[in-house]
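Handing you this structure, nothing more for now.
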């Protein structure tokens, strides 16, 4: 379960100017639900995630997570410890993970060959997968993903998207996902939150009624079109537009 | 046996005497157990005494009087009257103090050195202000001795042991400080340095102090009369050759104090006034006169 | 505010210490203040502080600039590191006394000898710190500068130097204190003035109040430089850091 | 190879220097070697080296561990920095002499006093360097550790310490040399043995060959520690760095 | 003009193991041509770009660029100088750029409000745009782009893609682009190079005959389908497949 009720958030830059990053933002994910946040570049998505993760408490309003929830987070950059091997990077944070789980994770993320490499020896795509592995390995109750699937080729991204879906369906992991890919959002999310330009407000909150596993290509195209219509400039070009059947905007 | 903790500079003459004392068993004879801490610099002894890590050190009466003026209860007993000298190369044109004008004079021990102050006072009587009329270089004594040897300095006022070493290398004594003392009001050679200890220690161990001083005197007599004794301590002196050792020996023997305490104190009092006049309060502290209790008089017949 | 508190704690503990130890062994703040005032009146304090500060400044500037250059070279070029390392360790572990004595012997009892000796003593420390900083440079930014064919000096100034800044700051701060420890020995052994000379003289007399008077005056001077010059500069230079 | 070359250059320039300056002012390598052998034969060299090394090791360990802790604290906590800074600058700029004399006076001419005094002299340098390193820590990794609720000690060990490593290395290297410079003063002023004591004695006799014999033996010892212990460790610890 | 004739490239990892990153790779871009490199995550694309940019010379074979070519490069991460403002980051590398050019660039990349900010105050998307601005500002002869359009919302990415096309069409800038987006490749490139898994070899080289400006949505769909067919797993899912009309694979 995740409740966000933010009234506003300001930041101060080095020049000492204070400005609004977030406006009023309220939404809620039930336990096990997957939310996707979509919004223009620089609108405040990462700021929102940092607040939810508890990294920034200087905010008007409140964020409620289940007490003592384990948080797994994939930052927008990999944020690995350069001086520890791939395996150590994961084991350090997930000391309870057993060998079998790790091995399976490495296979899924196609990292088995890189277990003993240092982060500096990885390509960006590999490093991002390690960051994903780390978030999965701790068996999180809450999963916060900041553009988890960029810098991966389409086939791999698709497989990992399915993997996230499997994880979320196998255990109740409340997940919040920032993405610029409407396709990813349409395929993974139970609820899509569309944000405005900075200061970010909610343009629309789109619950998706068709269960993830049952969504057809047409369903997904329809959701994408709906998002494009609601989100102004953020969606794919207009030739994708199709009548909405599956989604019902709340505002 | 009584224990006396002694802090000495390893390269100083006290170490020479101690070697004689140990070799001849004088300490055993005197019923004393000497605990000697060897230190590497002259100031270390003062730290040892003030920090309570030593009972007896060797230093000068000027400091004792100054400390007494500041409240410390220290006592002084003459140890040696050997003092420094101004040394010049044998071929140097400098023959009198007046010739030092415009020359480079190296002064060991810095501006507060006793010999330096006395030399200035004597020169002043001749109408020479050495401080302004010669170019003065202060520095560490060994370094200055070397600088004079290498010709960078025209003359050096240095401690007696460095002067002895220079003498052995063919340098000439322009003037020994002891020669100036009569002109400054002293009646004879004054022992500038001596054993220094606390009043409390002397009061508690008066007998041991007496035996200690007697023992030291005995060692001095041996060094004064026996040339063999010098061969035994030669390695300690660091003398590179026989000539230097001979110079050390002769100067050491001259420096053995043999005058009554009262005479010593009277001369010290006179010199103190000279020092106070030349060096000011910075040197002597708040008192204008030698502190009357400076000299240890606890010895029978002392 | 906190600084004031800190200063007050210091004064208080000193005062109590001197009460416990007695005036001769640890003079009270008041005694030392009197000594400072006396020295200041006579003009000696200002003169000696000035002389020492000049020596410190010259030796420090020499050692820091040369040390930064050498440290950077050794951090960058493998061969330079291999070649320079034994020299570095030798210099690093040569006692100050030895360097100073040798300098005085070779170059005479001159100002140049003193400053050179102090600089040589400090040099290896600067080299070691800057070399460590150079090794920690980010290769990613380096590559960026290379692809964009940034002129050497410009790349050094804008890409390398800001990364070295914390190391330079550390070298400077701890280096200043090292220089100051060594200038004292140099002045003690062969200079006719300066704080080290005065402290040496006072030490011969065991005049702790005067020793503290000079030592603390110098510390206060450095403190002032630190507060008025270094810290504002540092604040400006690290504006870009994300404030937590 | 290059190291050997470097050593050869050093020996050659020393030899030429001694030929130019004359044996008394700069003894030739051979003379110094003879002095080293003589001191070694008598057992004095080994004993004094050992004694000094022990003091250095103890004081160094004390200063480095305490300094790292304090430096980290001051780099992290604003209030600690504000409070500690004036003390730091005071300690940094208090002459070694003053600290050592005060320590000897307070705690007697004891081994404890010597080691404490040396450690206090070195402490502020370690603090300053580590504080600089702490300020340069990457907040991104910090946030990662916080989100993942990494236990404090584990985060310090695996996230913070590796980032501080170059600063610790710099502090250790330049610190070791500082300790060694100070141990010399401490031994000069109040210890009856050790390399500093021997060098002080040799200086009184102006026995430069013996001064160099001790100074270089110690430098060789540090060189050996460096080559056999520090550098292999360093190589292992920095394996992760991308080699250009 | 850019000629790549690499016979192979090895790397050594920290454990001392030497392995092949690139196999034999030969292709050629004429002056002003845009090449797109597409390949699986970790196959060696960045390694290839580094070799072309002259950052890694330890390679069998050779790479030829026009002599004294100005290279503009967008790395996979922004690589800005954190201690210089956005504007200074650009001016330092492009000292000759005049104010008008810069101002126009900032407007195009929607960076005008961030001119005086430090990189640490930017969102990742903003930082990546600054890196793009930097590469454009120097008026490059050769442009090397490692996934330039990730972490940007779809609308902005589309605008920037057009911007790159405009730049390339206005001056002869030989451009090599790495992307995981087949769509971007199909819309921008004159020639698409498909790479295999590591060690990267060329799976296919696809020249595109229709000029960039003239490509219709159908053309683009056709190219994408062709790439998907040739590239094995890397392309979009199979339901995109369509007969090829515009592309002619060379091998």
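Each chain carries a letter (A, B, C, D and E) given by its place in the written order, and its residues are counted from 1.
To be clear about the criterion, a contact is a pair of C-beta atoms (placed from the backbone, for glycine too) under 8 Å apart; a residue touches a chain by one contact, two chains touch by 3 or more.
Remember, predicted model here, so these are calculated numbers, not experimental data.
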item	value
Labels of chains that are neighbours to chain A and to chain C	D, E
Superposing rotation of chain C relative to chain D, computed on C-alpha atoms, to nearest 5°	180
Dominant chain pairing [most C-beta pairs in contact]	C-D
Centroid spacing, where centroids are CA-atom means, of chain A and chain E in whole angstrom	26
Between chain C and chain B, distance of the C-alpha-averaged centres to the nearest whole Å	37
Chain B and chain E: spacing of chain centres that average the CA atoms, whole Å	86
Euclidean distance of C-alpha centroids - chain A vs chain D, Å	50
Sequence positions of chain D contacting 2 or more other chains	25, 101, 105-106, 196, 199-200, 203, 239-242
Touching two or more other chains - residues of chain E	14, 77, 118, 121
Touching two or more other chains - residues of chain B	43, 50, 140, 143, 146, 150
Interfacial residue positions of chain B with respect to chain C in the complex	42-43, 46, 50, 63, 66-67, 70-72, 106, 109-112, 136-140, 143, 146-147, 150, 152, 283
Touching residues on chain A, where the partner in the complex is chain D	50, 53-55, 70-73, 75, 77, 79, 81-84, 92-93, 118-121, 134, 138, 144
Sites on chain A touched by chain E in the complex	11, 13-15, 38-42, 45-46, 76-77, 110, 116-118, 121-126, 129, 147, 150-158, 180-182, 217, 233-237, 239
Residue numbers on chain C that touch chain D, as the complex places them	2-3, 5-7, 10, 21, 25-26, 79, 82-87, 89-90, 92-98, 101-102, 105-106, 121, 124-125, 128-129, 132-133, 135-136, 139, 142, 166-167, 169-171, 173-174, 176-178, 180-182, 184-185, 196, 199, 203, 208, 211-212, 215-216, 218-219, 222-223, 226, 238, 241-242, 244
Residues of chain C that touch chain B when the two form their complex	23-25, 101, 104-105, 108-109, 188-192, 197, 200-201, 203-206
